[in-house]
Amino acid sequence: MNNYKIGVVGFSGYSGAELVRLLNSHPHAEPVLLEHREDQGNPPAHINQPQPLRAPCTPHSVRIHDLAVVFLATPPEVSMELAPAMLDAGAKVIDLSGAFRLRDAATYSRWYKHDHTAPQLLAEAAYGLPEFCRRRIRDARLIANPGCYPTAANLAIQPLIAAGVVDRSAGIVCDAKSGVSGAGRKPSLKTSFCEITENFSAYSVLEHRHVPEVLMVSCLDEPELSFTAHLLPIDRGILETIYVRTRNIQSSQDLLDVYLRHYAAEKFVRLYQPGSLPDLSAVNRTNFCDIGFKFDPATGRAVIISAIDNLVKGAAGQAIQNMNLILGCDESAGLL
Amino acid sequence: MNNYKIGVVGFSGYSGAELVRLLNSHPHAEPVLLEHREDQGNPPAHINQPQPLRAPCTPHSVRIHDLAVVFLATPPEVSMELAPAMLDAGAKVIDLSGAFRLRDAATYSRWYKHDHTAPQLLAEAAYGLPEFCRRRIRDARLIANPGCYPTAANLAIQPLIAAGVVDRSAGIVCDAKSGVSGAGRKPSLKTSFCEITENFSAYSVLEHRHVPEVLMVSCLDEPELSFTAHLLPIDRGILETIYVRTRNIQSSQDLLDVYLRHYAAEKFVRLYQPGSLPDLSAVNRTNFCDIGFKFDPATGRAVIISAIDNLVKGAAGQAIQNMNLILGCDESAGLL
Amino acid sequence: MNNYKIGVVGFSGYSGAELVRLLNSHPHAEPVLLEHREDQGNPPAHINQPQPLRAPCTPHSVRIHDLAVVFLATPPEVSMELAPAMLDAGAKVIDLSGAFRLRDAATYSRWYKHDHTAPQLLAEAAYGLPEFCRRRIRDARLIANPGCYPTAANLAIQPLIAAGVVDRSAGIVCDAKSGVSGAGRKPSLKTSFCEITENFSAYSVLEHRHVPEVLMVSCLDEPELSFTAHLLPIDRGILETIYVRTRNIQSSQDLLDVYLRHYAAEKFVRLYQPGSLPDLSAVNRTNFCDIGFKFDPATGRAVIISAIDNLVKGAAGQAIQNMNLILGCDESAGLL
Amino acid sequence: MNNYKIGVVGFSGYSGAELVRLLNSHPHAEPVLLEHREDQGNPPAHINQPQPLRAPCTPHSVRIHDLAVVFLATPPEVSMELAPAMLDAGAKVIDLSGAFRLRDAATYSRWYKHDHTAPQLLAEAAYGLPEFCRRRIRDARLIANPGCYPTAANLAIQPLIAAGVVDRSAGIVCDAKSGVSGAGRKPSLKTSFCEITENFSAYSVLEHRHVPEVLMVSCLDEPELSFTAHLLPIDRGILETIYVRTRNIQSSQDLLDVYLRHYAAEKFVRLYQPGSLPDLSAVNRTNFCDIGFKFDPATGRAVIISAIDNLVKGAAGQAIQNMNLILGCDESAGLL
């Protein structure tokens, strides 16, 4: 099989660095670091080991290096600027920002608080959650890699909604906790070590910009979902505790069966014995989404735990999974 | 004012050590370390500074040292054994375990999974949450110091239930996160450093033994409260994210007013401007419970954040607050 | 005894905030927050508890509030600008920066890489290490509060050098490790959570600006001291591991006696039994410097461990100790 | 190329689990978990993904599964018991404990404080530091995988001693800091989360059992090396700060040349530009040993920083490197 050259913009950010790390051990891919603004300079300090190739971040680099795919690990403003040019240069684009995840520019600007500057691409962009959108991803030129919180939330919620086993009138609570790398690498007081260590806080209560992705994929109305994000004093990992009132579910096995119908053959969703629950160390540096739950037959309440590594299944790993799909490689190549 | 001698059993545990630390800087109290089993031995290694007094943990020590109060920072099994003897010896007892918090032995044995061995004391024990039970505490011989999770939960939930502004049929979700010191000092794999750092997990989902304390104080029925405990990779602190659907509340100010009616004059409950939320560092090593919330007028949903230091307001600090009440000192002596 | 009003410049930094915390529980002092540039704005979010007084950072504020002492918890450039004005306004000044610690402007500019802009004050400034300079501090108008690393180093090294029990020709190694709060509160990539957690690094090897303070106080020549600073993934605390070759020392007790001659009556230096060693939790949030050592009689080697809380004995606590001396209070007021 | 079946004893410990993780992604090896005492039970909680093979830990399992190599990730007492039996069963043995690292039983019992129960194997065991002992390793039946601290120390010190550029009369200081996983997975108070987080401590000063390995490999006399171990509040990583007085070295380039002569072609030792220093994140989850230094031409002092991941280059990774050598695979297979 061929070796593909793959561009990475934003390689010095946390998601970008994780992409480079994963591509370095991928059997059919090789990273090319596309230097965009802050990413320039700072080569590694050690001197007797090989380094990945570097090139300027331009459509010209796409052509001369014959890049099959360009990853954009950039803020949405930058992605809206770069995606059209990279597509024009012939690359397929996998964007890790929120720029192309929502279906219309109005919803985008409500939640992201700025205008969309490339709305012409929204219709063609495929939402890159392979477990639900595999077919569309394979044929797409532009893939919107899902947000970290929505990945964990939708993989846990969507099967229940699709099966009709949730009492939606009671509301769904998704209490989400993330490691600090989800906030990106740009220094700020809020992500300074002394402000985070031995601390824990909630933020963006009921108004996080990832909410519309959950509503879109799991087919919920806004008042039905109460979502709170929290900042954990750890580097990486997302754990979400999801509270639902079920209907037509009699036992833990019933609930497990709903998940098994979706995920029995999925390589990157692991289901737990009822009563067993995943923790973050189970998914650390893996592309797995682990799902476990506790069901109370007396009241029909279920508490579901969904865990991912925010930089892998929540960003770079899922992006590689999407890359594998569009290149025709094994979907798990470089990820196990 | 007199100086009182105060006994501490379990002084080498985390709550007990915090009691000793607080008593050492209390203007009217002086600790006497009562050596009980594992607490023996291990004097500090430094040699040129004064140390607190030590005595055996017996009723005899209570009498010869004329201890006004004995704190039991011990597991419930030990507290059920020691409390009767210490009361007989003439001390007032403040128990930091769950032994005397619930009103009947049957409820106790359901949640604690063992029998109650001193049920004759359940009726007289005062529940030591000063903000709600100040009068009863002042006259009590035996005080059941509240659990850490219920302290944060009840201070946030009870005023709303009492004011009738919660739609109880929709259920209340209390998603609680605690530092590791809440699990005590006894070594175990679950609290080993390498298992906790860079990790996060849920436990005791829907069946934590602190649930009945919340039901009792906030007057809720069991199916109305969904409570999940989580273990944070930090030493100390509890933050609870509480989801309710309100009724008869039009605005953030309405909701704030409910809290102000209870807490305007309380020294240890701090209310936040609507939209501002406490984090754990705000309460670290303090006896404060900080409460903030986000209210969504369109749907009536409220998300309330309640934060305490589990070893202070959630254990030793609240115990000192109770001691101040029964000794007739200023309630905040040694705590600000 | 009177209550003194005490100004704090830089109160939103880590050392400044610690000063305010300590002054709030001091029996004879009350803080006034002097707002200087970044310190403006950001009042606490809670609404039903008292707050410290605030005033502009000007000599005028010194006079109208009759401030007895002004603490400068500011970078050295700011301290060199503010100290003359505050002294002229009649306050005594305790500066927590490095601005006034060294005896001549040339040494200062060599290590701090910029010119000294208030050299006229260098001669009168007292070096604020009470254990060695108590008498001079009592009479000073301007006190240079010691650096955090030199405090731990000099308290461990100076007694040995003064007693002549070190083979200086073999060199002294001081391997120092500090928590991140020592780097200040200004956001930077180097102190971002994700760069620090699960990491550890050395910096300023052989050229840290605190080196000349150790040389000055312990009377060493530069080639005799090898000093390396390291960054620990913790909030606060400094532990230094110091390697010396002794002479004229036969036993651990001999070495302990050297320290006891200096520190038997000192309230803030704790000596450990030979073979016992302090760790950082022993000094966390205290004004103690804890010293222990391991002595090898076969070779005369000694390894000494010196531990402080960098924000207390290494900054704000020692500054309060100095304030107590110049105000004539008990030296330990507000610090035990 | 064949796929080899490889036994792992102690797979539930930290080094053993890392071995399994590395073998799972090795191109020519497949792990077999050999269940020995505590390792029994506890299969993973998830249900829809493949698991490694398990077998009892007996010589019989070695034969029926035709295990090419057996890793012993066990305490030295267990390794001394199992190694002879596994060798008799025809496997090659790579032992990760200290059992077979030293050349004679008397030195072993002095530092390990118990007798050696398989001294007949000491002469044939090859010390598994490939950079220095590659030839002997290739032909060995029994390999003593190096200790974590000595790996980082010897890779930094041995080239300097061998080149004769160290003034040994001045002594060498090796100040070593390790993550907690180096202490193993057995629960103890010393490695409990609340005792480690926000803490830092020295231990085994001048008497750590890894000292004789450094003396043996770097050819030093005991009084020449002062070694102190410290416990960092992190999961994994060792950083050592090494102080030497050089001779016949005029410049940083001279010193770098000494290292380049040994390591220019080594895949797992990375050298840094003079003045640049490695930190622990540079080596996290890699098999690299990173070496950087600061040289002071005025005095000839050098401070060298050596960093590894204690579970990879300091344990499981180096063990795989040794396995690759004895199986005739590429030395870096499964490690880059």
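The first chain written gets the first letter, and so on, giving A, B, C and D; residue counts start at 1 in each chain.
Quick note on the criterion: a residue touches a chain if its C-beta (ideal position, glycine included) is under 8 Å from a C-beta of that chain, and two chains touch if they have at least 3 such contacts.
Fair warning: this is a prediction, and the values are worked out from it, not measured in the lab.
Colleague: What are the chains that chain A and chain D both touch?
Modeller: Touching chain A as well as chain D, we find B, C.
Colleague: Tell me, please, which chain's centre (mean of its C-alpha atoms) is farthest from the centre of chain C?
Modeller: A
Colleague: Need the CA-centroid distance for the pair chain B / chain C, whole Å please.
Modeller: From the centre of chain B to the centre of chain C is 36 Å.
Colleague: Quick check: how many Å separate the C-alpha centres of chain C and chain D?
Modeller: Each chain reduced to its C-alpha mean, chain C and chain D end up 39 Å apart.
Colleague: Calculate how many whole Å lie between the centre of chain A and the centre of chain C, each centre taken as the average of the chain's C-alpha atoms.
Modeller: 46
Colleague: Would you give the residues of chain D that are in contact with at least 2 other chains, written as numbers and ranges?
Modeller: Residues 195, 197-198, 233-235, 277 of chain D each touch two or more of the other chains.
Colleague: Using the touch rule from the top, collect the residues of chain B that touch chain A in their complex.
Modeller: Chain B residues touching chain A: 170-171, 173, 175, 177, 179, 195, 197-203, 205-206, 223, 226, 228, 230, 232-237, 239, 241, 243, 245, 277, 279-281, 284, 294, 296, 298-299, 301, 303, 305.
Colleague: Provide the residue numbers of chain A that touch chain D in the complex, in ascending order.
Modeller: 25, 45-49, 197-198, 260, 263-264, 266-267, 269-273, 276-278, 282, 285, 290, 292, 336
Colleague: Once bound in the complex, which stretches of chain D touch chain B?
Modeller: Checking each residue of chain D against chain B gives 14, 180-181, 185, 187-189, 191-198, 233-235.
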